C-alpha cells in the first residue's frame, strides 16, 4: 500500500471546513493530519461537528503542522490573505484557498480551480483559488458556449440554500423568518460576477460580459439552482452535442436529457446540466451542492489534481436523494 | 342592519373553492348560501376542509340555488366553459370565474378582474374573469411602467408555492420529492403570458410583448415571488413616485421602501412591491399569496366591486407572518 | 355605533406583541391606542413587523398612554413583574400579562386566564395571567377528565414550532440547523408543568400530579401538537360525550370525530381535540397555534371577557390551512 | 486484488431499493450484478433514480441472474413471501429481506438482522430478516437495559420522516398537506411493537412487554427520532457505562455525552444514543436514518456479516449535516 498524503485544514469550525473534514476522513489516499481552529483548540471535532461522533477522535489543534502536503484554507473572505501574510507556509505545501481572496489572480500565483475549465493548469499548480459557489454553477452552465464563441447577453436566476450564508446568526438565517419564505439579495450586483466574466472572456474575448444574475434565498439548506437563458441559433441537438462533447471526460459534470431537479446533486460533488430550446432562446439549467461542487468538494477535487491522484478519489458520495 | 347578499360556490372541494369558503364565512355583508360539489354532496364542509370544524355546520350541496346574487366558479381550466354551456344561470346572478377560460375576453362578456387595472369596468360588470396567479403578481409589478409607456423587454423570475399546483397527487407534489427541492417548469412558455401581454399592450400599444418568465417550483406551500427587470431611464425616486402614484387609492397594493420578503403577504390579499435601480436597469419585486390576491381573495375583491360593497370588505386578514 | 374600547401594548416588538397588534388592528370593538417599545420608539410598526405595511401608519411609542381600558404585557419572563413594580398603572386599567410571572397566583390578584377552565372568574377579573402555550394545549386535553375525577398518571408528547423559542438568534433557531431536524428539550422538566398541575389538582384534588412531558422542537414555525395518554375505563362513546359536554358553549375548543392534523388550527384561536381508545388507554390529541390560542389570541379572548364583549370578537380568523 | 462478491436486488424502483443500489455501487468488495424490476425493465437506473445519472449505465433487468452471492428483497410487506414461494432461489445465495414477512421467525430459517443484538448468529446465517425502521431505533435504545434485566413499562415517542411512508402518492404524503404539519398514526398499535417485544423478552424473559409508542409523522423526509423513558434506579454514570459497554465494538451505534439532534445521523448508517436521568426516570434518546440504519444500510451491514467482510465496508458515509 502506498503511503498516504497528509492534509491540514485552517479554519475547521465553519461549514466549508466541516465539509472538508468529512471528505478527508474518508479519503482513500489522504490522511487528515490536523484541523486548526483558534477558538476550538483542544475540543474534539465532534464537539463542533456533531455528526462526526463515532467517526474520529481527532481534536482541533492550535498549531500548524508543517509536515503536510496540502493545506486547505477555509477562512472568511479577506482572512485568507491576512493568514498568508502573517504565516509563512513552506514552499513544498500545496495551498487550496476557499475564499475569494485570490480568485481574480491579480499579482498572485494562484490558479483558478475550476477543473472543467483548466484542469491541466491545476495539475501543475502549487496554489489553487477555489471558485465561488454561484460562480461554479453559472460557469459550468456557460463554458461550452463561451468556448464556441456563442455567448451573448445572459439572464440568470440563481437560488441558493441557507448554508450559502454560513453559520453566523442573522435575521435572514433565523428559522422562523426563513422557513416558507423567499427573498433576493445583491440583485444584478453579486460579487461572483467578476470571476465568471474573467473566465468567460478568456474563452470568448469578444463577449461583452453582459450577465444579469438574480440571486434568491431559498427555503432549504443545501444546493444551488441556476437557470440561464440567452439568444442562440443552435438547434436542441446541436446544443446538447456541444455540451456533451465539452464535458466528455469530466467525471462530475453531466448533461441530462431529462428534466432535472436540485436533489439529484445534493450531498454529491456533481453538477448536472439540462438544456431547453424555446424559440430563439437557449435555456440552460445547472445545479450543484453549494458546499461540495460549490466549495469543499471541488477543493478536494483540486487537491486530487495537484497531488496527481485520481480526480474522483474520496468523492464517490452517496446522494441524499430525499 | 342591511340585508346580506347571497353567494354560491361551484367546485368547493379544491384549494381555491376552500379559500373562497373561508373568506365568505367571515364576510360582513355576504352570506354563503351553498357550496356545490358533485362528489361531496351531503358531507359537511369540514369533512373536506378540516380547518372549518367549529366554523360552520354547512354541508356540500348537489343543487344550485338560483336565489343568489353572485356565483363563484372554482373549477379546473376548461371546466368553467363546459359548466356554463350546460347550466343555464339566471341573468341577475353575477359570475366570477377563477379559471382561465374567459380571461382573454374573446367573444365573451367577461371583464378581466384586475382591480388595479380596470376597477371601474369591474364595478359595472356582470361577469368577471379572475386573473391567473402569476399574471396578477407580474402585472402589478409592471402596470405603472406600461401606463407610462416605459415597458421594454422584461426578464422575470417567478417562484410559486406548491398550492399553485392544486391538490391532485403528482410526483412533483409528493412531499418526499418536493421538500428541499427546486425545479422549473414551462420556462419561457407559461400560459399566463398571454393575459399579461394583452393587458400591458392595452396600456402601451407599442410594447412588443417581450416578456421572459422563468417559473420555479418553490419548496413551500403558499406565495408567489416575482423579480422582473428591464432597461429604464427613471431615477430611483422617479420610479418610486410612478408606482406610489399609480397605486394610490388601491387598498391592497403597496410600494415598500424597504427590502421585502414573501411572508409579508402570505395569507393576506395584499401585493407588495419593491423597486431597485442598478445601473440602467430597474428591478421590480412583486409578491402575493397565490391563493388570495392570486385567486380567491381577488375574486372576493371583485365580488365587492360588482356588488357595490367596500372593496376591502371581508379581506382584512391576519397575516401568518411566520 | 358604540364607542370603542382602547388598548395599549407593552413590548410590541416581539412575536406575541406582534400578534396582539395584528389582532387588535382588526378588532371591531377595540382601538389600538399605542404600542410601547423602548428600542423602537418612533419607528413605524411595519419597520419591525413588515407584514403590517399598508395596514397601519401607527408608530412605536416611548410613552404609556394612561387613557386606555386594557394593557397587554408582552414581555419576557420576569420582565412583567419588574415592569409593574416600577410603573404605576392606574386602577381602572385591565392588565393582561402574557409572561409566566403571575400564573401561579401566589400573593397576586391575577386570575388564570384559561376561559375553558374559569370563564366566569375571568369576566370579573381586573388582572389576568395568560396561560403558557404548552400549558393551554395540555390542559384543554385533560380538563374534562380532571373535572370527572378520572385523571391518573399522564404521558404526553408535545411538539412545538420554532416561534415558541422567540425571535432571539440561537443555534437552535438557526435555519440551517433546524430545517429537517428534530430535538428535545427540558424532557420531563418543562416549566409549564407547574401551572398545569395547579389547575388539574384544583379540579381533582386527589390527582397526584403525575404528568410526564416530552417537549420536542419541531421543524416548522407555528403550532403545538400534544398527544397524551392514560389508563381510563371510559368507552370511546363515553369519552367523546364527556369532552363534547365539557366544551359545549366554548366557542374555540372543539372535539373532532375524525383524525386531526396540526394545520387545522394554525393561524386561528382554536383548539381541536381528538380521542382514541386503545385497550385500556385513552389517547387525547389536542392542538393549537402556540402564538394565538397559546398566547396572544387567548389574551384577546380574555380581553373580550373582562370588557364584557363577545368572546369571539376579533378572533374569527382565516386559517392558513396549507 | 480479491475477486468481488456479486449482489442482486429485487424491487429496485422503490426507496429502499434505491438506497441499496446507491450503497452497492460504491461498495469496495461487492459488485451490483443486476437490479430487477418488472415495470422498469430496460430503463436505465437513473431514469427512476435521477441522482444516479453519471454514476452508472446499468439498466433495470427483467431477469434474475442466479450467479450472485447475495440477493436483497426490497419488496412491499407480503410481497417477499409471495416472491420466494413462486421463485426458486438456489441454495448458495444469501437472502436479505427488507420486508416484515420473516421478522418474527416463525417456521422460517431467517435470522433477525439486528447486529447489535445477535451479530454472531447473523454471521452464520443464510437468510436474514432486516428489522423495521422504528424497531431498530427503539431496540437500540433499550437493548442494554433488557440485557441487564432492567426493563419496566416503557413510554416512547417516535417521529419519522416522510420517506417512511414510501413513494406512493397519498393525501398524507402530499407536500401541501405535510409541509409544516404534524399528525400521528397507529398510536399504541404500531406493527413494529411485535418484533421489538420478541427481542426484548428474549433478553429479559420476565419483561411484560409493556411498551407504549406514539408514532408521529414529521415534517421532513429522512430520519427517526425516538425518546423513551421508564423507571430506573441507575445513576446517570451507571446508565452511561451500561450503554457504552454494551455498544463497545459495535461500529455504528454510539453513546453521546452531549445533546443530540436528528441531523447528526441523516444519510449515515449510524445510531446515536443520549441518556438523561430525571428523578427516578431514565430517558433514552435514540436516532437513525430510517432508510439506512433503519433499512438498506443495515441490510448492507448484514450482507457484510454474512459474506465475512468488514462490518463497515461500503458504509463510511458522508453525513448530510445540514
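Of note:
Think of it as A, B, C and D in the order they're written, each chain with its own count starting at 1.
FYI, a contact is a pair of C-beta atoms (placed from the backbone, for glycine too) under 8 Å apart; a residue touches a chain by one contact, two chains touch by 3 or more.
Given the structure is predicted, the values throughout are model-derived calculations rather than measurements.
Put simply, the chain farthest from chain B by mean CA position is D.
Taking A-C and C-D together, the pair of chains sharing more C-beta contacts is C-D. Averaging Cα coordinates per chain places chain A and chain C 46 Å apart.
Rounded to whole angstrom units, the spacing between the C-alpha centres of chain A and chain D is 33. Chain C and chain D have Cα centroids separated by 40 Å.
Contact of a single residue of chain A with at least two other chains is seen at positions 15, 161-163, 176-177, 179-180, 220-222, 260-261, 263, 266, 322. Within the complex formed with chain D, the residues of chain C that make contact are 155, 157, 159, 161, 176-177, 179-184, 187-189, 212, 214, 216, 218-223, 225, 227, 229, 259-263, 266, 276, 278-279, 281, 283, 285, 287, 322.
Residues 15, 162-163, 165, 167, 169-171, 173-180, 220-221 of chain D touch chain B in their complex.
Contact residues on chain C toward chain B in their complex (touch as defined above): 15, 18-19, 22-23, 26, 47, 49-54, 161-163, 179-180, 221-222, 251-252, 254, 256, 258, 260-261, 263-268, 270, 272, 291, 316-322.
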